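Please find the structures below.
Both complexes shown next keep chain A, but they swap its partner, so chain B is in the first and chain C is in the second.
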Partner chain A sequence: MTTTVTTDPGTDRSSRGTSRGSGGARRGMPRIPDRIRRGGLPYLLLLPAVLLELLIHLIPMIVGIVMSFRQLTQFFISNWGAAPWTGLENYEIAVDFDAPIGEALLHSFFVTCVFTFFAVGLAWLFGVTAAIMLQESFRGRGFLRALFLVPYALPVYAAVITWAFMFQRDNGLVNHVLHDQLGITDQPSFWLIGDNSIYALIVVSVWKGWPFAFLMLMAALQNIPRELYEAAAIDGAGVRQQIRRITMPSLRPVNQVLVLVLFLWTFNDFNTPYVLFGKAAPADADLISIHIYQSSFVTWNFGTGSAMSVLLLLFLLVVTAVYLFLTSRGRKGSHA
Partner chain B sequence: MPSRDGARAARSPMAAPRSFLWTRRVVLTLLAGFVLLPVYVMISSSLKPLQDVSGKFRWIPDGLTVQPYIDIWDTVPLARYFVNSLIVAGAATVCSVVIAVFAAYAVSRYGFRGKRVFTVTVLSTQMFPGILFLLPLFLIFVNIGNTTGLALYGSRGGLILTYLTFSLPFSIWMLIGYFDSIPRDLDEAAMVDGCGPMRALFRVVVPAAVPGIVAVSVYAFMTAWGEVLFASVMTNDVTRTLAVGLQGYATQNDVYWNQVMAASLVVSVPVVAGFLLLQRYLVAGLTAGAVK
Partner chain C sequence: MRHLRAAAAITLALSVAAGVTGCGGGTSSDGGSNESPRTLTYWASNQGPSIEADKKILTPELKKFEKETGIKVKLEVVPWADLLNRILAATTSGQGPDVLNIGNTWSASLQATGALLPWDDENFEAIGGRDRFIDSAVASAGKEGEPPAAVPLYSLSYALYYNKKMFADAGITAPPATWDQLVEDGRKLSKDGKWALGAEGSNLSNNIHQTFVLGQQHGADFFDEEGKADFTSDGAVAAVKQYVDFMAKDKIVAPGNAEYAQNQSLTDFAKGRTAMVLWQAAATTFAAQGMKPEDWGVAPVPVPAGAPGAGKQTNSMVAGINMAVFRNTRNIDGAKKFVKFMTSDEEQKILCKTYGSIPPVKAAQSDPAFAAPELKVLRDTLATSAAPLPQVPNESQFETAVGTAVKELFADAAAGTPVTTESVRARLEKAQQTMQG
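The block that comes next holds the complex of A and B.
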């Protein structure tokens, strides 16, 4: 902060001189060209951001990759430079699917994929439904719009801890409704341990995530000109056809970004499972972030933890690249 | 079906048929119920005595009490956690937004060598999982502490630094989008009139971008306020934030659910109120940058 303040006047004065000069020389041309040479000004503006990016992203990533090649157990935490170099051993352990560690990682990966598929799908479905239903104004629209954003605004731990309370076996709302009031289940079920835990996790994740989809899609819908709908209505198109022919195609570019963002957030989510289940998630809801956290900070095996992180990163990069490639090709095709 | 709907729609172009209105009513009611369910549980349970929340769930509380709201401050040092969260989230927000304003201005208004590398880096670090940075940052902090005596691990400053891993790229990215949506003619005209680039930034671009800057600040603050991962590793008894502190209501014998709910409500009210008050601003600000 202090450095930016002290450099400001200097930059200001020197660059003002050049701009005044160029402004004077180009009296007839009101537009200043895009790539005008202003010496180092853009770099000076970027300097704090670049320094921080180095400090908090690039250096930690390099350290993370170096760590993944070392045998980094709790004995070397305070001096990780002394940890013995083991080459690819951590990776071999992580992907040895016949041994317990690799098997657990593979299982956790599958659980995360299933969870992400349902959580993203439902969040998108709820979001797009609500956005379409709130597209036209009616009484109570503003109120509902604000209400639907509440899960997004609530702090994760406060909201998820409330869900954890609702999923309690003996004093929770869910069992009270399902068992006592509706009689659907024979006896009160466990929701936060065992094979039901994945359902609990999906419900909470959808509750937390759909308002973001709603927000983005609602904004995108506001950019569709009303005349399109009016013209379609005059041509005899009903609501369903209008949604299929006008609304959904107009949403495609936003949907492509939205689905990718939702995928990345959901796949990487740590907050929801951690608050819902605690440090050790049940096997059926053992998301990858929690799994890596557990292998690193509970069993103190930082080397394999880092190797798993690097593998996760590679996976995300590949998925993102393939996705961007496919969607950009689709976009070009639709334009042609 | 198309002909009947079409005829009705044609008479008054935007009027939806009755069936759609009923579907809308039912669907929106269900969604509102889904959203409100935990909110109702939070509020009603926070007003129940302990024996009531420990027994079977009841929709209507037996007797109302405000005792949980008094007890929450003594069961755990909630006030201290509150102050810690406020400092950490506030500082992370201010740092990332101030730095992002300069960076986004450079990217939005100038062409320069390395621009693409910078924007791609910012965009991609935004999508990396936090766990990726947690392990190395933890080790780096511990090592810096051992060699220089600088206590980053466990300190608020260290935690703020880790929060920048997500709030800085997010702020830069959102502000680039927002600055791009402000007509260039505005600041170019100011520069032609003899303003320097920095004056153009502070006199023209920043004032025009107030909604966007407010939106980005609120989102950055909200994300930091709700952060759990770094807070659970990088804090100690003194610097603990609300995210970790709320777990303190669970003792070995009992969970004080009424106090958990009261505390959750207390920590939620400031952010939710701020969010809802600024909501119109926020939606416009967020989407100017993101939906193009």
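The block that comes next holds the complex of A and C.
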């Protein structure tokens, strides 16, 4: 420890010397070759970030990829370096859609696509609606803004477990309202098992996700010059036209990032289904994240689970790349 | 700022080093070291009505151990739902507790990982010898022919708990001894919003325990002699169907039970909403929920005909909690001392009395407290008509695969979708095909 502490001020001094200007070298006092000092400093400053990035993202990812080529079961998990290589076998198992494991993976992929479409779509819709409605100043606006952020501020586990209680068939609030008070359903419905589970999942996901959209869009709305609206109003544009012609185009850059982020988060969401349904989600709400978790940690086939994770990663990378390509092209087009 | 950067650099260097050394995973030596002889970490499974209750029960005992040996035990009570995951994560990273509880049905699966200290003769000697324990309890602590992966701590078996008043009101004079009687009584009891039998349809382990016993009664083991999955035999299908039919066909289990997984069926029983429940050592939970001991009775789990006994009249799995030591513990001697303390005659009496379980230590069983009616049923069952779940490395996969199939069938039953022999077989077929390795 002492060594590092004493070394550090030295590093600090030298970097300060360098940062004070490359002119110092020309004045004829180079101790360490100035070229290295000057060229090395940015890299030195980047080093912690690079190391952390390696440690947090890249190393686990590489480990995951290595695992996907091994037959990693309970016999090897405490010394997984000894697990035998299996080449592409885990991938073949994962994509053999005629066999139960591949078929189940494909099913969960489709379930996840449907879930993501509705969860992201609704979260965005609520976010943008609330952001626009809270744009004008009115009494209680601050309170509402704070209130809308509550789902975002609550710890995920606490929030989702509360939803799980509310969705219980016999004692839950949801059935109490829908069945007992409003009489919408003929009999109390199951929300945590069976066909309805996907609706429960979407509701919780939207509830959890829309405040983020709201927050981002609210910030973006602040940047639209008021003059644009005033000019439009003078030209006779109504509220709808203003939203269509001014608000939405101005929000476009934020929306592009927002939708991408929401898509990635939702597609990979693990906490919501896990807390809501436990380790065996109903078939209708069997999201791919839970499915991969089950393959790895529940059936103890870490190799197959890793292969599925790598496939998911590739899919998301491709989707992201295509999305970014399309949106950036669209942006360039609009600027031209 | 300078110090901050220095600290960050050190942390980073250390974590990189830890990451690199950790990559090899686990240790291959036979036992841990004594690097940290004054402390132990202990993961206790949640045994009592709540985690807080467990802490309250165990803390004075741990203090006693500290006073005797000078070793401080850091306790963490882990809920059942998380325990296997936590153990698995600890196994993968090599960063686990020194001593931990495991469910005895997981013994063979965890044994296969090689992360737990094998209890060979030498290690057993350090805690007073293997002979101190009941054979069936040691047999359910690992694969036959290999040193057990753990030491039995609390033994349990299933029994039928029934509400005396509800039985009397329905004109039933004695608890059912056969399944036919249970269904017949069940129909009398299931009325006016009340139900005969409680189930935990979304609790995978519980589903397995119930269907395994029914499977034994139908002559099915769920694994063949080579340890390969055999979930679709006629006996296995009949067992699963019989269990789900309590809801689907016999209508003696409330449909809402299909989504139960957090012991809600015990709450229903304690509140007088259901008349019977099949459970292991439920007394403390009933008491915690305000039910008086005289309100409920206990009887052996029903069998197809006649009286419980070995073979097809098996009426419980050998349930229980074992104590294991992580192989790479940093206090191997202390860990063994702690296991010796927890399995001592004295502690066994104290802990098993509190938890309502049966001591797997022979000498402790003679205490009069274990001759109470409830414990007598559990003890007799354990001694004469209980079978251990298959001690195969795939056991935990089996619990998940078949437990999930039963959960899905309960969901069908609750939704009014017919549960047929074909639909049961199809689900079990699917479960079997997901078993790899």
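We take it that the second predicted complex is superposed on the first by the 303 of 336 C-alpha atoms of A that agree within 3 Å, B and C clash if a C-alpha of one lies under 4 Å from a C-alpha of the other, contacts with A are read in each partner's own complex, and residues count from 1 in each chain.
Note that contacts are C-beta pairs under 8 Å (C-beta built on N, C-alpha and C of every residue); 3 or more make two chains touch, one makes a residue touch a chain.
These numbers were taken from a predicted model, which means no experiment stands behind them.
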Query = Fit or clash for chain B plus chain C once both are placed on chain A?
reply = clash
Query = Just chain B (first), just chain C (second), both, or neither: which does A:Asp98 touch?
reply = neither
Partner chain(s) touched by A:Leu52 [first = chain B, second = chain C, both, neither] = both
Request  = Report for A:Arg169: first if it touches chain B alone, second if chain C alone, otherwise both or neither.
outcome  = second
Ask   = Touch check for A:Thr299: first (chain B), second (chain C), both, or neither?
value = second
Key: chain B versus chain C as contact partner of A:Trp80, first or second or both or neither   = both
Task = Report for A:Ala283: first if it touches chain B alone, second if chain C alone, otherwise both or neither.
result = second
Per-residue touch tally on chain A - higher for chain B or for chain C = B
Inquiry  = Tell me the contact category for A:Asp186 with respect to chain B and chain C: first, second, both or neither.
reply    = neither
Key: Residue range of chain C overlapping chain B upon superposition on chain A, of 2-10, 92-100 or 362-370   = 92-100
Query = Following superposition on chain A, which residues of chain A contact chain B and also contact chain C?
reply = 1, 4, 8, 12, 48, 52, 55, 59, 63, 77-81, 168, 170, 297
Task = Show which residues of chain A lie in contact with chain C when the two form their complex.
result = 1, 4-5, 8-9, 12, 48, 51-52, 55, 59, 63, 71, 73-75, 77-81, 93, 99-101, 104, 168-170, 190, 192-195, 278-280, 282-283, 294, 297-301, 304
Remark   = Contacts from chain B onto chain A in the complex sit at residues 1-3, 5-7, 9-10, 13-14, 16-17, 20, 24, 27-28, 31-32, 34-39, 41-42, 45, 53-58, 95, 98-100, 102-103, 105-107, 110-112, 115, 118, 121-122, 124-125, 127-137, 139-140, 142-143, 146, 161-162, 164-165, 168-169, 172, 188-189, 191-199, 222, 225-229, 232-233, 242-243, 246, 257, 260-261, 264-265, 267-268, 271-272, 275-276, 279, 283, 286-287, 290-291
Request  = Show which residues of chain C lie in contact with chain A when the two form their complex.
outcome  = 2-3, 5-6, 8-10, 12-13, 15-16, 19, 23-26, 28, 81, 85, 88, 91-92, 94, 109-110, 112-115, 201-202, 204, 254-256, 258-259, 261, 327, 393, 396-397, 400-401, 403-404, 407-408, 410-412, 414-415, 430, 433-437
Query = What residues of chain A sit close enough to touch chain B in their complex?
reply = 1, 4, 8, 11-13, 15-17, 19-20, 23, 30-32, 34-35, 38, 41-43, 45-46, 48-50, 52-53, 55-61, 63-64, 67, 77-81, 126, 129-130, 133-134, 136, 144-159, 161-163, 165-166, 168, 170-173, 175-176, 180, 207, 211, 215-216, 218-220, 223, 226, 229-230, 233-241, 254, 257, 261, 264, 267-268, 270-271, 274-275, 289, 292-293, 296-297, 302, 305-306, 309, 312-313, 316-317, 320
